[in-house]
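Sharing a structure, written as structure tokens. Questions coming.
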Amino acid sequence: MFGSKISDTTTLILFVIVVALIPLLAAPLGAGYPALMQFFAIFGILAIGFNILFGLTGYLSFGHAAFLGVGSYSAVWMFKLLSMNVIPALILSILIAGVFALIIGFVSLRRSGIYFSILTLAFAQMSYKLAYSVLTPITNGETGLQLALDDPRILDSARTSGQLPTPNLFGLDMNATRVVDVLGLEVQLNFGYFFSAAFLVLAFWIAMRIFRSPFGLMLKAVKTNQNRLNYTGVNTRPYTLAAFVISGMYAGLAGGLLACMDPLAGAERMVWTASGEIVLMTILGGAGTLLGPIIGATVIKFAEAKLSKFNEGVVHGWFDFLPDGLADVLTWVVAKFVGDGWHLTLGLVFMLVVTFLPGGLVEGARRIGGYLGRRGQKEDLEQLGSNVQGGKTTAAE
Amino acid sequence: MGILEVQNVNKRFGGLQALDDVNLNVEENTVHAIIGPNGAGKSTLLNCFVGRLTPDTGTVMFDGQSLIGRKPHEINQMGVSRVFQTPEIFTDLTILENVMIPSFAKRDGAFKLSPFAAVKAESAIRDHAEDMLGQVGMLEKRHMVASAMSRGDKRRLEMAMCLAQSPKLLLLDEPTAGMARADTNATIDLLKQIADSRPITFVVIEHDMHVVFSLADRISVLAQGHVIVEDHPSNIKGNPKVREAYLGDAHE
Amino acid sequence: MSKSNFSRRGVLKTGAAFGGVLAAPTFFTSAANAFTNAPGASSVTFGFNVPQSGAYADEGADELRAYQLAVKHLNGEGDGGMLNTFSSRALDGTGILGRKVEYVTGDTQTKSDAARASARSMIEQDGAIMITGGSSSGVAVAVQGLCQEAGVIFMAGLTHSNDTTGKDKKANGFRHFFNAYMSAAALAPVLSANYGNDRKAYHLTADYTWGWTQEESIAAATENLGWETINKVRTPLGAGDFSQYITPILNSGADTLILNHYGNDMVNSLTQAVQFGLRDRQVNGKDFQIVVPLYSRLMAQGAGENVKGIFGSTNWHWSLQDEASQAFVRAFGQEYGFPPSQAAHTCYVQTLLYADAVQRGGDFNPCAVAEALEGFEFDGMGNGPTLYRAADHQCFKDVLVVKGKDNPSNQFDLLEVVDVTPADQVTYAPDHPMFAGGELGECNPGA
Amino acid sequence: MGDIVLQILNGLDKGSAYALIALGLTLIFGTLGVVNFAHGALFMLGAFVTVTFTNLLSFERVTLSETETTAWGSPLEIREPVLQAWFGDFGLWLIDYSVLVSILVAIPIMFIIGVVMERGLIKHFYSRPHAEQILVTFGLAIVLQEIVRTFYGANSISQSAPDALRGMMDFGVVLGFEPGMVPYPTWRFVYFFFAVVVIGGVFAFLQFTTFGMVVRAGMADRETVGLLGIDIDKRFTFMFGLAATVAGLAGVMYTPILSPNYQLGMDFLVLSFIVVVVGGMGSLPGAVAAGFLLGILQSFASMNEVKEIIPGIDQIIIYLVAVIILLTRPRGLLGRAGVMED
């Protein structure tokens, strides 16, 4: 996958296998529980979508989280009004996010560079601020939009139990989990994860097709030299707008899926730092590469879930074998970087990656691959040349 | 009736009259050179042909249609291609991809949403692009990333990109600027060969008189935004007006 | 630690739908349990979900300290704290039902999303049987909803909105902390006694759900006194500089400013209101006054000397002299070197109350716990006699009215208790309009 | 009428802070071509220089009481301000004026922080894409604020203005209003005049010194200046230090208005970028003008009369203005063409 010659079909098959085995692979790392695995898949979709815009066209949107939020709100409203079936919810999520992206993109794409970034940021912040305050009748503000027992849900037959219904796919509940024992390891097989993972594979496949299509080629050309493209008879605006809308629909899908896994939509989903997190995921993994954004999303969600849980007690446990004084000192130091200090680690790792590995983790893997097997490398790089622009730091301008 | 007809074009930037009542008539399938001292308005004029600038007054007709108010991509789709002074190419893409993009633009128009087509499957486009690269002698390098090329190669690539669209009119903005003499001669040969091998009209802006007189069928001399002479090359050399315009700038 | 399924219906359907396909002969499903995350024989795991980053991180850190202390006391370490004063004697320092108490922690980031993700990880991965914590109402409501769906008990931390046990109440969720209505009801008599019944009030309100319930409650209570409400102005959360909201007060004819703010908003708006000389003004022949309905010692620290003489309410304060409060302050102070905050207190108490309910009911099943908590009357937890009302899972107890201290003796000694409004004065009917609109539903034991 | 004057004053006061932050940001962008997302963090660091300085000044000697105990049974700590014990009244004066005195401390500290930042990190990013500059400085901003949180916690820390400057000035009387109609806190006037002085100082420095001329030339055309054989590196470092100092001082003086906490920088970051973009990337007068403009618009949008017409306008006014300006004046109020559009 990294720097070796593998056809797209093989990549896709390997990808499907890895995605299917995640519950098994993540379990020993303590990450094999439904909520986190669902995040891997959903934020993977989000990052793939963001990469179609940023990785291909180079337009850095700092407001992408707004589409995620819009998708979630749409889905929850569908659950409240129509049915707990996830299909109508997801369709509406994608559509509404697409419409939002069309409007915001149409306006924002009149500018480029940092002006574009600021415009998207401004739109997203307006959405967030309004959702938090005056739009509370629609968004339920700070608390977030939730299901209630007395929601109409006109398509579902009334449930008599005093419990809230669960989002489902024609009766298959998203939170249905089967625990199996594999060689002493508890592996949680969660339907919601496999459902999201199916969308991840679909999203990956579509992104791959886009990367390899003339449309994708035009998007890459937009990133490299928009001026030349104009004088080559190409109207770049529809291309960037199409990329923006596709990317927004990906985010809408991700937002919808988040709501399917956990039927709540909160305004914080749209705040600008959430958009920043999407950028972080993409860059960390490797912008402009196919797999990078998914890897970045997985790493960040994993770190967020695990690092923040290491409280001082846990850390002290690691150093118990050491003499008391030393253990205390080490605990004090390490605890600054985990638990409530995990943001510090995130910031540091991020600076290191941007400084030394601007192509992200994928470039790192490629470099390691380069050390391991130098033969044939040059040819591969040429082959991959057009797929790794994100990894290049010296784009002539 | 010329393929490109410019009538009474004026363009003013603040206090500067950049173009002053410019008239120009470019015959089809000729090489028409526009020369003039620095600041004469050559680039401004060229930008009025491609939609980057809009003249304040006057008309620019291409193939019987007005170019005024059209966007660059629309003008290109009408059959006008442009080579820049500093090569404008897609540095992050491979050379082959660079040449395929104009072919796609020619075939698909200004915009086509085709996310599920595969570039790989477009053998006609690729063959055409490879053909063009062959014509400029760059076929072997087609898998190289464009940013890794020499400046001369970049210019030849840009030429191939323009040719891939089989333009009716090719605008060249100082195609040999900054080149060594040997490269310049090679470029002249290449342009001659292109002009001879197909129906195409060149409008060349050039400082290098060697290039101009090797190529041009007709020459317009621009000075202070005004066309002072338009004539056959043999008549230009001795023209006193031209000498006057170039005075103090004579070694150009 | 035993794992089980999120939902009962889920298991059945999974078995039919794809379990059969995926379950190879070597796989064994774990034994079915009666409820989510049934603990093993030796230990039981709690999930402490507190803000560790963001504006409420310090409050979260204090909550976490209290939780750790509670776990110690439950396991028989330390001096036992309020276990010695608690009216229920079921807990004896040997854990809960013979099981040692363990805990996992998570970061809510004061965001509903992150809080739910963190809670899910504690339930799904760490097998937490009870989730507790939180420092804002949005988070509390969101996590309470999640716990209801997952079938675990949620013991709310610091959450003051009426909605938590009002329109968003849930059968699996319990709140010990007081709420906006109680703050208002407790403050009203004190305001009347000190500032009279002829006041013109101007409200600055944080523009989100907690702010709105606080504003609604205090406006209703003061209007009952005969006060006139001049204006209610909503301010954006995290506005920082409130000057543009404060200057219109100067010439509005109002003589009292009510700040329905919490956290940094409260620190900044109060500081700036004082800077704008509001407290030095004379309006309608009266001294201008500022009221902060919900006080917190941690925030009072941020506002510095600006809090002096300003009335507000609080759930508990470390300077209380009853035996229970002193026992808790002693235990906490000896452990950490400073007194606990009200957030720490409510979290500590909630943990003990949960443990006690399990012990008394003899079962970890959330429905059994809920049953043991509903209608439970207790004392010796620092708030006097208290009732966990069955109808909405809200605790009813005395409310402290406090005032910024004029001469603090140290950096923790910022508030003085001026009055204790008895529980019956702050009690309301479960169907009170400010709390109407939601249903408790039925307790959900999960699997 | 008095309310309108008050809102203008509010706007000028807010605008001072915005303008100061945006000034440094533009300086860095204009000279170095770097988009610095850590600039808000510099503002925050400035504020915490004051916090630290005040803490040091009010350092207390702690002795344990032999007789009294705390509520939790340990011996009561008796605290004695060291400074007062040593210097008497002068010590008290120092504590009272700690915010103003800390300016003297903040100038060298912020300058050094700026220089270290530029030498250690930023200079490696001059030739790299703006996206990477944004990301690495964003990472740095997170790191800086987390470090501050490690030492100072998450709660706001109150700082007092000097006693003499704490009161109100009846500004309305100057304009012919009745007494008490338009009072305004003295410290906010101080902040406004401080901002004017700093902005004026920076402009004068750029206008009247050779150094400033080179820098201005560099902002207009970086390549040419490089060709002149001027050691541009040292000047860049100095400019970064200067920008950090301006941001830091803005933070120092803001502490009595806004009790600082570790997230202060992030709160101001988005805002300051919008100010810069509205003013026009790379335009110093633009940044200052936009700062004041946005400050005043924000104040007016928050008025009850306006909010009644458009609910929630005070929440989004800044962003709305940014969108409108960018769509009607693509380069911002006073920006030049071609900046940051590649």
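In this document, chain identifiers A, B, C and D correspond to the written order of the chains, with residue numbering beginning at 1 in each.
FYI, contacts are C-beta pairs under 8 Å (C-beta built on N, C-alpha and C of every residue); 3 or more make two chains touch, one makes a residue touch a chain.
As the structure is a computational prediction, the values presented were derived from the model and not from experiment.
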Centroid check, CA-based, most central chain -> A
Most heavily contacting chain pair (counted by C-beta pairs in contact)
A-C
Per the C-alpha means, the centres of chain B and chain D lie apart by a whole-Å value of 51
In whole angstrom, how far does the Cα centroid of chain C sit from the Cα centroid of chain D?
35
Centroid distance [mean C-alpha coordinates] between chain B and chain A, Å
45
Provide the list of chain D residues touching at least two other chains, using ranges where the numbers run on.
315
Overlap residues in chain B, where contacts from two or more other chains coincide
none
Residues within chain C bordering two or more other chains
53, 57, 61, 207, 234, 236
Chains grouped in pairs wherever the two touch, ordered by label
A-B, A-C, A-D, C-D
Quick one: in the complex, what on chain A touches chain C?
30-36, 39, 129, 132-134, 136, 140-144, 146-150, 161-164, 166, 171-173, 175-183, 186, 188-189, 191, 194, 258, 262, 264, 266, 268-269, 305, 308-309, 311, 313, 339-340, 342-343
Chain D residues within the chain C interface of the complex:
2-3, 6-7, 9-11, 13-14, 17, 70-74, 77, 79, 149, 153-161, 166-168, 180-181, 183-185, 187-188, 256-259, 261, 263, 267, 298-299, 302-304, 307, 314-315
Applying the document's contact rule, which stretches of chain D touch chain A when the two form their complex?
35, 121, 124, 127-132, 134-136, 138-143, 146-147, 150, 266, 270, 273-274, 277, 281, 311-312, 315-316, 319-320, 322-323, 326-327, 330, 340-342
Where on chain B is chain A touching in the complex?
50, 71-73, 76-77, 81-82, 84, 88-94, 97, 100-102, 104-106, 108-120, 122, 143-145, 147, 161, 165
The residues of chain C that touch chain D in their complex are 53-59, 61, 207, 231, 233-236, 238, 240-241, 243-245, 247-248, 250-251, 264, 267-268, 271-272, 275-277, 280-281, 298-299, 301-306, 318-319, 326, 329-334, 337, 339, 410
